[in-house]
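Each of the next two complexes has subunit A plus one other chain: subunit B in the first, subunit C in the second.
The block that comes next holds the complex of A and B.
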């Protein structure tokens, strides 16, 4: 297992040098600048809009970073040949895949944590106190990012970087537009192929919307612990399944 | 202990776009004994890299088997005994040699407390301590190659698989690597060396395998491969080329220089050549044995 951590650490170092992190800085600056425009609203509306804006940014940044980093990690290592000396070491292929996933997920989690701290401070400036639920919402945003990363890594083990990124983005889109609703629409279709597609999509694609706690944060609604535990378990299981599939596919792949 | 490398009837066929295929290896059987420097030669596309990739489990054979120290190549644990230098090694450019080697030492399973000394030893062996903390991206091609060799040496592996280890090195660097390989052999390491520098292979290797189109065409000590075609070179005074035409039937190669003639013939035809030259009244100046170089043998075998 030591080799998994070694590869994860290398992956974090590698990811942190990529230019996608400049996007994060831009997002932070955009939100901080945008928050000054909210002063035209009443105090209550302003705080709600600010929280909405912050959570949207965290979720969006998490998804973009996950897709960007996870779909390029393994294909880039193969294309640049840096994978050869690593795989020539006494490590199993799954160590490498799991290490790459952990490294990517940790990088995105760090980015989300950094955004959360900045936004927490911003909300504090406007609200006068820290909303502790933002931490819970950020944690579930990290979990959503982990699921997206796992899916992107799985796709990247058998496709090119571009195809993996495109497919991951489609999974993200389908996953966030309430997949249950989508499948119901397809199931009502008279076309049997569409019905089958609806069923398959419903069961295979991740339901990313369940990780989005933005509404509860904005409106101050309480979320039952049981629901949070269920969603957490779902996220962990889905991620484990996807990474397991990635390891299995990569085990059979010739590099 | 089992032999470091053993392949038995190893074949690999690549699928190409469409229904086309390309046979990269065709029934390759080689055995690399312990403690030797083994030269693996072949023209481009002969199947050298494919063989190395199979040995390291990057790709799987279509048929046949390959083993390292008696264990199947798909067993990751066996690679604890192997150090690998890829052709034109690429590493993460932001890493420093010490960081890269520490990473590989950890991947080898070296305990954390022993990593530092393993890294220092490997860097010292390739004379890279001066550049230990320079990011790899800022190193020249030759220095990067040395880092690659150091990386292969981390963990003191029993078997070293080196793909073009002197590529990109200057003459001093090449000499240094040659000395290092001899030293490693003395220490009991087995070295599998794939190289295009035939003079290097000739001077270093105990056993040489030449492959062509994925099949083995020659195997044995360099002397054995070369000896098969030794030539006799005969120097005489100059003569009219017309009168020498009768020598052509012996398969004699004739070279006319300003002050002498050079005749090149296989040893078994030397006696007939001497008689013919005597009949022509040509005075012998010198006779010497021309040993075929490994390069000539390679060109003959691989052409």
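The block that comes next holds the complex of A and C.
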């Protein structure tokens, strides 16, 4: 397992030097910091708007970073031939894939943690205290990012960077509106073949909306612990399944 | 080949999502948060069961293939 940690550490270093990481983090920090300018609203509304905007930024940054970093990792290593000296060593291919995934997920988690700290500071300045639920919301945002990273890595094991990024973005988009819209559209579909194919695709897509706890944070609603545990186990299971599939695909691939 | 796959999938998914505008009218249940809606709970449970089934099926197939390979190598 030592090799997994070495690859993960190298992946974190590699990802943290990418432009997309710096640019996106800076833009999101600017938006979060700029959200304090919402002075036209009354104090209560302002705090709600602040929380809504900041959580949206954190979720979006997590998703975009996951797609940007995970879909480029393995194809770039293959294109630049970095992968050959790694695989020539006594390292199993699944170690490489798992290490890449861990590195990407850790980088995105670091970015989300940095954004959450700024968000916490802003909330403290406005409210005088920090919401205890904020840490939970940030943790589930990290879990969502891990699921998206796992899907992007799976897609990048058999496609090019552009294709993997595009497909991952579509998975993110349709995973977010899955139950709210796709289920209704499929129910009313007149074509039975399209309906069957759509239903299969519907059940394969990850349910990303369940990781979004923005509404609970903004309105101060309580979310049942049983539901949080269910979503947490679902996130871990789906991530493990996607990374396992990536390892299986990469094992059979000629590089 | 990759471009064709992307084109096909994007066209298919766009066709599915195109009539989304017609579904802005929600049922009363859908106005709640997602942790209060049964469809989310059911879908999560269904997907976890499906993942467990696929994993079990994979393990069985691998085990079976191993046994058969051993058996055939012994016979030959």
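To be clear about the criterion, the second predicted complex is superposed on the first by the 243 of 255 C-alpha atoms of A that agree within 3 Å, B and C clash if a C-alpha of one lies under 4 Å from a C-alpha of the other, contacts with A are read in each partner's own complex, and residues count from 1 in each chain.
Going forward, a residue touches a chain if its C-beta (ideal position, glycine included) is under 8 Å from a C-beta of that chain, and two chains touch if they have at least 3 such contacts.
Computed from a predicted structure; not experimentally measured.
Once the two complexes are overlaid through subunit A, subunit B and subunit C fit side by side, free of any clash as defined at the top of the document.
When subunit A is checked against subunit B and against subunit C, the one touching more of its residues turns out to be C.
In the superposed pair of complexes, A:14 makes contact with subunit B only, with no contact to subunit C.
Applying the stated contact rule after C-alpha superposition, one finds that A:82 touches subunit B and leaves subunit C untouched. In the superposition on chain A, contact of A:255 is made with subunit B only, not with subunit C.
With both structures placed on the common chain, the touch criterion links A:116 to neither subunit B nor subunit C. Vertex at subunit A: the C-alpha centres of subunit B and subunit C lie 90° apart in angle, rounded to steps of 10. By the touch criterion defined above, A:92 lies against subunit B but remains apart from subunit C after alignment on the C-alpha atoms of chain A. Contact with neither subunit B nor subunit C is seen for A:66 once the two complexes are overlaid on the shared chain. Once the two complexes are laid over each other on the shared chain, residue contacts for A:159 go to subunit C alone; subunit B is not touched.
In the superposition on chain A, no contact is made by A:168 with either subunit B or subunit C. Nowhere in the superposition do the C-alpha atoms of subunit B and subunit C come closer than 9 Å. Shared interface residues of subunit A, touching subunit B in one complex and subunit C in the other, do not exist. Those residues of subunit C lying in contact with subunit A across their complex are 2-3, 5-6, 9-10, 12-13, 15-17, 19-20, 23, 30, 33-35, 37, 39-41, 43-48, 50-52, 54-55. Those residues of subunit A whose C-beta lies close enough to touch subunit B in the complex are 2-3, 6-7, 10, 13-14, 17, 80-82, 84-92, 254-255.
Of all the residues in subunit B, the ones that touch subunit A in their complex are 53, 56-60, 76-80, 82, 84, 86, 88-92, 94-95, 103-104, 106-109, 148, 151, 161.
Taken together, the subunit A residues at the contact with subunit C in this complex read 159-160, 163, 166-167, 170, 174, 177-186, 188-189, 194, 197-198, 201, 203, 206-207, 209-210, 212, 215-216, 221, 223-224, 227, 230-231, 233-234, 237-238, 241, 244.
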